[in-house]
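So, here come the structures, one by one.
In the two complexes that follow, subunit A is the common piece, with subunit B as its partner first and subunit C second.
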Partner chain A sequence: MNLERLPNEEKLSLCRKYYLGGFAFLPFLWLVNVVWFFREAFVKPVYSEQLQIKTYVKRSAFGLLLWVAVLTTWITIFQHFRAEWGEVGDYLSFTIPLGIP
Partner chain B sequence: MLFVPVTLCMVVVVATIKSVSFYTQNDGQRLIYTPFPEDTDTVAQRAVNSILNATIMITVIIVMTLVLVLLYKYRCYKVIQGWLFLSSLLLLFFFSYIYLKEVFKTYNVAMDYFTLAVIIWNFGVVGMMCIHWKGPLRLQQAYLIMISALMALVFIKYLPEWTAWLILAVISVYDLLAVLCPKGPLRILVETAQERNEPIFPALIYSSTMVWLVNMADTDRPKRNSTDAASPQQETADAVASPAPSSLSQDDGGFTPTWVNQQQHQLGPIQSTEDTRREIQEMPSARPPVDDDDEERGVKLGLGDFIFYSMLVGKASATASGDWNTTLACFVAILIGLCLTLLLLAIFKKALPALPISIFFGLVFYFATDNLVQPFMDRLALHQFYI
Partner chain C sequence: MVRPRTRKRNQEAEPGRFPCQHLLLCFPAFQTRKMDLLSNKWIINLIVCLFSIGVGCNSVEKKIYVHLNYTVPCVRLLNATHQIGCQSSLSGNVGVLHVLESEENLDWVLRSGPNPPYLVILEHPLFTRSIMMKLKSGSSRVAGVAVVASNTVPPDGFSPHTTCPNENSGVYSENYDPALAHCNVTVWNPLGNGLAYEEFDFPIFSLKDDNDTQVIRQCYMEHNRAVNGTPQYPLCAMQLYSHMSAVTDTATCMRRNDINFSISPEMVCDPLGDYNVWASTRPLNNTAKGHKDGESVVIAAARLDSRSFFFDIAPGAESGVSGFVTLLAAAHALRNATQESLPPRNIFYTFFQGETFDYIGSSRMVYDMQNDQFSVDLDNVHSVLEIGQVFNGIISSLYHVSRKNSSVNDEVRKLIDNLQSAATAAGVSADEPSFSQPLPPSSFQRFLRDRQIPGVVIEDHQSAFSNRFYESMYDNAEYLNVTYPPNLTPEEQLEFVTDVAKALTEVATMVAKALYMQAGGVESQLSNIKADPQIVTGMLYGFLVRSNNSWFQQLLPSDLISHLADRPTNFYVGVAQQSSEPTLLVQYLLANLTGTTPNITQEDCQNQRENEKDTESKHMFTYMWVQGAAPPNSTKREGFCVRSTVRLSKALSPAFDLKEFTSKDYSTWTESRWKTIKGRIFLVASHELEMLTLGVGFGILISSLLITYIVSSKADMLFSSGREPTNATY
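Right, the complex of A and B next:
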């Protein structure tokens, strides 16, 4: 999918769809949105839809940062306290490492 | 330009095989397509079993290909699309779940269900979007490489030794026949596609560059008009209007002669608690570079080619006595074969099967290195004799 070949309305629509899709617990989609449309939004010379694309990219980036923060916090908590939680820790674990924690 | 993705796929497979022992363990599980065990008492029995296994597998593949050609001929596009969709769904979610589990186990990392769910969900959904809908080209290529690697790993795990080598050999022969013979199913498929001016199953072909789909109704310019940026509106309208089975295919239309070999493998339930069915289509044939007025010269390679190349190299790294020597030798052999195939492609300008040459070289190099070069090297090392 080459963005160069698309008309601007299509680009906007694609950006919007990626942005809306990210709300379904898909921070990766927001990341793709930001990376893919970054040049379109900030580097290219101005065109009519660019402002909206900019807003979408910015919001995607914000949402992504939020997700990253949440996930990092959760992972740190989990990894640190997993052994201490005993049963609850095991129940939450998908893989349990061998050996002494 | 196809070397990088093929290399990447092989690297991923070999790296996984070397580190994650799951894929080389023999749990006694087999696919239902290879029912004969290979741990028999006599060598003769083993040989017979492996031949039978390979025959069953090839028959399944041939039948599936014929079914696919028939479906295509009678315009049952929805069935084909659904099939493709389901199989990529299975690969992206289920197999990557198993892969992740094994990787975490190998590295002794704890993982909780929540994070895992987020990871798998993201990976899968973005993968489906990139492959079947619209997404950045690089990401789509990366996903295709990843699913090829996953598929190759599954084959390496579940196909017993001799069966695997036999299947590789027979598939190459079949590929050659199916693509080049006038009555071959794939030739029929491609000719039908050409008559209808349609692209063929873009969802499972790796293409190295972006090419635009052209409108079927656009009779003035039947060729792809991808470089014509002045009429992007028309192009996009065309792309949407095309009756291609997969939306927004980035392939060229069926104008360039394309020979596609589809093979569907149906993995029946394995002897474990999970009961899954997966169908994958593989199309191991190379299509010629687009050589018309467009700047884009995309070379396409079917995902089946990726899968079998990686399977060969992975098997070599898993089971060879020569270890890295053999692996490297097979790797080089496959790349040489790919080179030659691309050369032939440029000469003949029609689609060719990509499997035969590479697999043939790969097999020759594997057996030769394993049985001739490696003992030689061992002896030299033993006697500390450097050449």
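Right, the complex of A and C next:
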């Protein structure tokens, strides 16, 4: 879909849908929202719906960063301590590497 | 004649790599957008070029690598607390070959050599604990080890086993005769260096001294020998694959076996185990388990298995074969006597599997007896007579435990008297050890753990093992002196009675007589009990030289003939899912040596019955249809039915049934699974040359991309002469 061809109201509603959709544990929707609507929010000349779009994009970006931070921390901890945790580590794993603890 | 050809392959290795890199030059041609005649021609050329390379790729691989034909790895085993054995990385360990000449030469590998990591080639005399431990501690510079087995037995003895076999699983412990525990009184295997119980994080392979090793040596001599200090590239390198799936310990790997919610659930290890073989002189109802009233059983035991440092070489000549061949011969010697006058007590000929690994077979049988899963229970057991290592047939030692319990002591005394009178009659000397000693490692210890049962273990040593190659690859026919005069055909070798066979026959006669007396048989039969040297020598030939011989072929059903092989039998117990060759052979040998041949049809025989109405016999007997021999003027074998009391019983450690993977009472040994075991040699270029080649390739790729881009953006200018723009197609 080409954003250029959409009327401004539809842009806003689309941006809102992506923003709300992201709350269903779908951080990638927020990522798409941020990338897709960045120009609309911050580069394009001012239009009436832009303020609202800007808020959605900012919040999406914030949520996304939060996800990234949480996931990175967890992955680091998990990879570092999986072997130490033994049984718990194995049950938390989806695929267990062969031949290493 | 093989040698020159493989050498040539080796030399061609370096140029062989280059054709593939031409691809880098050709690929960008695809990106030419404008289709004109010129590029059409290019594409056709390119396709032809690609096609020929695709077809040729196989031979390029052959030009680069020389694969090793005979590779025996050391594999990873795990128990409740440890992992032992060896493993490579997933993509194989690569190292520059270094043939180790002496222990001092290790310095090149561990410190001074300029091209680490090294793959060390060892002659067997250098396969010692001190060298292996140095390599282990310097493992960042060691990619792997290949041990060239010598064809002759080393003179000083060699045992990779521990000095105190099955130290923690026998009867002696902190609670039971602590003074005798941990080999405090007698160190049974003083030559043991414990290598087979070490963990190495690089692969170790065994190579036979043959063409492969010649190629390796020559490759090393031509490329890797340091002339004026440093060797020149290209260098000869070897890659060994033996990546093991399991890790840490049995509890971990058994848990990972059970986790199956991943996309591709994968088994990582299997418990060691097999089947025990047993037969009784008087048929017993095998379907009814547990205590049998009025039944009194003398257990005659021997162990079946052995091991060595490497995975599938375990000849176990003295440690296993000498004992169970003696028991088989004794069982055969007792067949006629028991048929004529059945002694009041039953005799169980029992062959335990997996005894090397903390008494898997015997601990399972005792466990089954305790839980009424076996045909008799421990109350039915009258006494135990175990045959250990009896290669040196002249001197036999009788080990027994002396306990305060006087009734047991009296029984032991009787058993020893029986044995000694039998020994005198058989012309063998059998004495008690000169000083009070614990029992040597033996299955009997597992019975004693449960209760005081009178019993004796027969061995050929007074204190430490006389076997200088306990659980090693040299405990073989040559060490046992099972050798034949030159120019004998395999048939003649099978018949030829060696001195060892004669000695073992005497021991077998002694065992048979003692068993008969122990079972309460009549004196008058004793003189008729005599083991047959022909049977003993045949079995020694079959187990130590070649199981694929005419005699063994007659004793097996036709569908199992494929298990016979033209090499010595491997007595490593293996994993529980597969029944191994020794179990199968002993099962059929025991059936043929103790059983009878009733005149019944093949169909009835295979259905475990005497005739169509018979439904009872299968509880008492086992029927086997074996293929038999061909009559002199025919090629068709005449099969026959063997009726015997031979049964198999599971030899899987109870720890796996109880799911107690950290058990201290039962064996917890498992074997890791693996995917590839292979080795290959090839020439490697220097690191700089490799990087340069890669860099040039990238350079060409980038520049051709650039040229293509420029050409395509200036296409109108370059190709417009006298032609319409090709917009009609869009």
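The criterion applied here is as follows: the second predicted complex is superposed on the first by the 100 of 101 C-alpha atoms of A that agree within 3 Å, B and C clash if a C-alpha of one lies under 4 Å from a C-alpha of the other, contacts with A are read in each partner's own complex, and residues count from 1 in each chain.
Criterion: a contact is a pair of C-beta atoms (placed from the backbone, for glycine too) under 8 Å apart; a residue touches a chain by one contact, two chains touch by 3 or more.
Just so it is clear, the structure is predicted and the values come from calculations on it, not from any experiment.
J.: Using the superposition on chain A described above, determine whether A:4 touches subunit B (first), subunit C (second), both, or neither.
T.: In the superposition, A:4 touches subunit B alone.
J.: Who contacts more of subunit A, subunit B or subunit C?
T.: B
J.: Does subunit B (first) or subunit C (second) touch A:98, or do both, or does neither?
T.: both
J.: Is A:45 touching anything from subunit B or subunit C once the two structures are fitted on A? First, second, both or neither.
T.: Once the two structures are laid over each other on A, A:45 reaches no partner at all.
J.: Of the partners subunit B and subunit C, which touch A:74 in the superposed model: first, second, both, neither?
T.: In the superposed model, A:74 contacts subunit B only, not subunit C.
J.: In the overlaid three-chain picture, which partner chain does A:87 touch, first (subunit B) or second (subunit C), both, or neither?
T.: Only subunit C is touched by A:87; subunit B is not.
J.: Overlap the subunit B and subunit C contact sets on subunit A and report the shared residues.
T.: In subunit A, residues 93-96, 98-99 are touched by subunit B and also by subunit C.
J.: Would you mind writing out the residues of subunit C in touch with subunit A in their complex?
T.: 87, 90, 243-248, 252, 255-256, 259, 261-264, 266, 268
J.: Show me the residue ranges of subunit B that touch subunit A in the complex, using the header's touch definition.
T.: Touching subunit A from subunit B are residues 101, 104-105, 108-116, 118, 121-123, 125-126, 129, 134-137, 139-140, 210, 212, 226, 229, 232-233, 235-236, 248, 250.
J.: Going by the contact rule at the top, pick out the subunit A residues touching subunit B in the complex.
T.: 1-2, 4-7, 10, 14, 21, 24-29, 32, 35-36, 71, 74-75, 78-79, 82, 92-99
J.: Sort out for me which residues of subunit A touch subunit C in the complex.
T.: Per the stated touch rule, the residues are 86-87, 90-91, 93-96, 98-101.
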